[in-house]
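Which chain is which? They are A, B and C, in the order written, and residues in each are numbered from 1.
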Amino acid sequence: DRERQGMAKNTNMRWRLPLVCLLWELAMIVLFGVFVRFGAEADAHWEEEKREMNLTSDMENDFYFRYPSFQDVHVMIFVGFGFLMTFLKRYGFGAVGFNFLLAAFGIQWALLMQGWFHSFKDGKILIGVENLINADFCVGSVCIAFGAILGKTSPIQLLVMTLFQVTLFSVNEYILLNLLHVKDAGGSMTIHTFGAYFGLTVTRILYRPNLEQSKDKQGSVYHSDLFAMIGTLYLWMYWPSFNSAISDHGDAQHRSAINTYCSLAACVLTTMAFSSMLQKKGKLDMVHIQNATLAGGVAVGTSAEMMLTPYGSLIVGSISGIVSTLGYVYFTPFLESRLHIQDTCGIHNLHAMPGLIGGIVGAITAAAATEDVYGKEGFIKAFDFTGVYQTRTPSIQGGFQAAGIVVSLLMAFAGGAIVGGILKLPIWGDAAAENCFEDGIYWEVPEDEESDVYHMHNPDKPASP
Amino acid sequence: DRERQGMAKNTNMRWRLPLVCLLWELAMIVLFGVFVRFGAEADAHWEEEKREMNLTSDMENDFYFRYPSFQDVHVMIFVGFGFLMTFLKRYGFGAVGFNFLLAAFGIQWALLMQGWFHSFKDGKILIGVENLINADFCVGSVCIAFGAILGKTSPIQLLVMTLFQVTLFSVNEYILLNLLHVKDAGGSMTIHTFGAYFGLTVTRILYRPNLEQSKDKQGSVYHSDLFAMIGTLYLWMYWPSFNSAISDHGDAQHRSAINTYCSLAACVLTTMAFSSMLQKKGKLDMVHIQNATLAGGVAVGTSAEMMLTPYGSLIVGSISGIVSTLGYVYFTPFLESRLHIQDTCGIHNLHAMPGLIGGIVGAITAAAATEDVYGKEGFIKAFDFTGVYQTRTPSIQGGFQAAGIVVSLLMAFAGGAIVGGILKLPIWGDAAAENCFEDGIYWEVPEDEESDVYHMHNPDKPASP
Amino acid sequence: DRERQGMAKNTNMRWRLPLVCLLWELAMIVLFGVFVRFGAEADAHWEEEKREMNLTSDMENDFYFRYPSFQDVHVMIFVGFGFLMTFLKRYGFGAVGFNFLLAAFGIQWALLMQGWFHSFKDGKILIGVENLINADFCVGSVCIAFGAILGKTSPIQLLVMTLFQVTLFSVNEYILLNLLHVKDAGGSMTIHTFGAYFGLTVTRILYRPNLEQSKDKQGSVYHSDLFAMIGTLYLWMYWPSFNSAISDHGDAQHRSAINTYCSLAACVLTTMAFSSMLQKKGKLDMVHIQNATLAGGVAVGTSAEMMLTPYGSLIVGSISGIVSTLGYVYFTPFLESRLHIQDTCGIHNLHAMPGLIGGIVGAITAAAATEDVYGKEGFIKAFDFTGVYQTRTPSIQGGFQAAGIVVSLLMAFAGGAIVGGILKLPIWGDAAAENCFEDGIYWEVPEDEESDVYHMHNPDKPASP
């Protein structure tokens, strides 16, 4: 049965996938060999460096300021996103496994791309723990886009998308952080807005009119929903680390964590409220709980390190939970039926809209900043109003923040359209519509009892031999 | 079928749950707006603060002393407790989801309640990472109580219980820590003893004589037991962080982690021993492994930061594993049949008895303290024998520690009785006895293969269309 | 049915397991009582110590340098190894549960054994966070060996093996680190090479000619493969913490984490490439993804803290992924059919071969070290070329590193043979060949729907009453 359907399109990865993986890994090795070296704090010359910089303790090594947060972010990318997408009844291997593949490639390429833009010195990219975090962040935007096309693409398509998206992400990030001098520590704009609208554009280009042929596989089963909750909870719990991971040492990291903690807590309550309210029988929907509860983390991604204040965070979190849940109920069906945007995981509700909210809240919070609230030094430090930027005022900063949203959107639409076009080429081995959301196309799947039952209850499908 | 049973009681949450969630979140926003501000270490004025306090490094920010432990505690509350309770075959959504809901509300309310008692200055509650940890701790006591009533209450009841329990927890904590000047860093008394006896009292008041009608759903299935082990292991692994999270910087945090590590290791062996011994065929019981292995963490909750010593920890852990396993085999059935206490997760064995052990061990360890063992300065620092307490002797401290147990018990019984009475009101939408332990009442449940099988094996229940 | 088979061999653990657990725990308590005390940084005298050592901040306590890494390692041992082995369809309880048991005993015994060798002062073992990490490391080697015999041994056999393996590990580690003065921070030799060849020797001695009788239980089911991926991902994500946990403060920890991160990322791509390439239909195999993706962490275990450089790490990771995947496809069947080595989890591919690669890469990296690359001070610090070793050259160090591999292998073979012989005694209650890989022998297993289905589809097996 599976074989027959597979024949419609050639989904055999045997030579294509290995070739791409091996050649690209070889390219990584060569490029790392030419460009990447340890930064001062990871180099064995650190002892001398320490003396020169008058540091009295190894504790001053950035490793100890950021490594715990790095590990939390790492868990979010691999377990968080990976398991969040296991909700589909027969696409758990693809969700976790392809996420693993694209992220493992993406972080290498991101170390290079971001390195050239931000850590390039005397012909070498000097890396440390902050680069690892930024690479994970960059890949996070690819994981988000993956959510839109989950179940409908081949692993090669995902790698190709990763290659381009990481590149575009780095360009966009450079424009925002360096040219516009925008603050976006938790990536509401660079990660979420960009990643989500990029993914939505890609899935629009890859529109499959016959996707209802695999409708029976687009749902969850009881235990796949529990697996997905593992992803949800790790994203939710570690989001304070995500938003604070690359903030300035000291109060900024501390503040980012608190704001994010508050926003996420509020978001859970409004999500539960609207999930129940929008159902005739008032029952809660796991799709909302798995996703909309996270919108609060997205929506304070820009402003968390600012003096948003705990109650400000509660307000932002509350609103984003409501918007996100409404999106799942009303907006996702509309996007599919009217705009032909098939968004498997609903990233429009979890990342796109909350990302926009995050960008706007960041612009407002920046524009509203005063020396009174931040203190004279804190004000300069929080917004890096030094050097050529020392004459910038909060309201101008707010304007640039808003410009950052627009740039991210434009980059996402343009980039997504181009990459979508590339992915549409008939050479990448994607599955036919009736085989979407089915691990059996790209994975050796155990012929287990469950599968027997499945066939038993679908008498039109013959049991496997 | 489900519908018919549902009609017996109105379990429709459509307006009640949203109303409670939204109004309470609104209240949080208003109260946070009036009261909650960033503490000095999270405020943008930190640069000036640092200079005033003569701190040479951002590393001195409390964030770096406690944030890794905070994240571990956070995982324990949301994944640890949440997944530990997924062992029931058809209540995984409720276990993880309601735990998520009540904890997300509880931490907000706890920030306020504990803030008024402990961080109130010039009309504002000033928060930092330690407040986040304490809020998680406080909610931990609600998660414990939830274990007793798991499967038998509506989400609104859980929110109402959370509101009251967090309030009472904070009062009890204030009496113990501030009035009695008791040490309880890992919360044997404030979290476990109080939380467990509170929950047991509530479930006693809510006694359901016909609960055997849902007996078939009170067990586990193979994979639900594995999900529960995720909860168990995260609680077990991160418990050293739990008990050390708010200890004094330096040796106290270090010592708490070591003592807890040792106690938990010993506990696993005695639990396995008794689990096997108490079975005719010597087979191990997952209920014991999932729960009693954690008793060692509870039982050193008070004394871990004291000079309990590693072998002392092994002794305490060994005993608590035995007591807890015996409790599951002999005491839980007794509680249900004789005292009408229906304790779904057996919190009496995992939290109540080990919590009492923990309080007693703490009192003894405190009473046995000497300047010789702690050093002159260490002795004063360990017990805060400063100011009005500088004349306190170890034996007097031991007495106050013991008084802390009694106060916690009284607060738990009295508070549990009142809150149980409130929850008994017929307005909260709890399910009928035959619908307990069933996600379908409050959740949209996927009509999956598993469920088909379920119906197939229960021919009296019609299969879903 | 199960009963009848069980009668063939007496697998009843009722008195044997409790006796071993309780007596050994008692022995631990006595030995800890005699020997184990808090180290200076965990002792209440720390205040005085701090003054004597002229430390200005509590941050200088080793706890803050290592505790976050310790917790990551802890997760790897209990969740990582535990869940990695849950891939078998009916051995999830045994995988997680027995791993829990042996590790909980092992860390206690390792604290003693390693303590006598490395932390013994004035008749006492003084412990701190580094001892906890080392104890977890030591137990890691037992978890590896467990992978070879998974499903074929009784819990008592596992405890007996743990007792001996921890002892031998500590002796081997002492020879390598103290006598040969070898560097092996991530344990390519001491943990992986030793642990894997020890386990393979044990399983060789315990060879079961009739194991195909339980062939139907040696596979996975869909959800058991997802549970295993939880283990895989936690091992993969936290491996940078594993390899850096006990490196020198500062640059060495920082560098180890970066090298490991790079190696693991590369390893994923080559594993995916070869997994697809070696299948006629190009489909990915979960066994490879679950295991071979981790080989990159093993293979930089010795060299990660050296100046391996990021591109060097990519090369090592790439190669180890290829070797490991090839091992699963070609070598494991060969080992079983020709050498009678039944390696349930394929530890030869994940730990043995990558461990050897790790040892060799370490020897080469050490031999190639120059003062130019490391800096004068960094060079001495990286290899501890002080005291009696101050005249050692890199090439001599490389030779000693190579000797360390040989010693580890010899210890593993000799030790494995002896311990295998002990485990072969017919007193330990292991199951008959037809009952291997079946939780029902040692665990109370819920009679769930799944199991009903299982029986239903196997009409020759009567349904349970």
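Everything below uses one rule, namely that a contact is a pair of C-beta atoms (placed from the backbone, for glycine too) under 8 Å apart; a residue touches a chain by one contact, two chains touch by 3 or more.
Just so it is clear, the model here is predicted, and its values are computed rather than measured.
Here chain B and chain C face each other with different sets of residues for the most part; under half of the interface numbers are shared between them.
Copies chain A and chain C of the same sequence differ in orientation by 120 degrees, per CA superposition (steps of 5). With centres taken as mean Cα positions, chain C sits 32 Å from chain B. For chain C, the set of residues touching two or more other chains reads 56-57, 59, 64, 68, 223, 230, 450, 453. Here chain A touches chain C in the complex through residues 12-19, 21-22, 24-25, 28-29, 32-33, 36-38, 41-48, 50, 56-59, 61-64, 67-68, 71, 74-75, 78-79, 82-83, 86, 90, 92-93, 96-97, 100-101, 104-105, 107-108, 111, 127-129, 132, 155, 223, 227, 230, 442-446, 448-453, going by the rule given at the top. Within the complex formed with chain A, the residues of chain C that make contact are 56-57, 59-60, 64-65, 68-69, 72, 89, 219-223, 225-226, 229-230, 233-234, 236-238, 240-241, 249-255, 257-258, 261-262, 264-270, 272-274, 276-277, 279-286, 289, 293, 307, 309-311, 314-315, 318, 373-375, 377-379, 381-382, 450, 453-454, 457.
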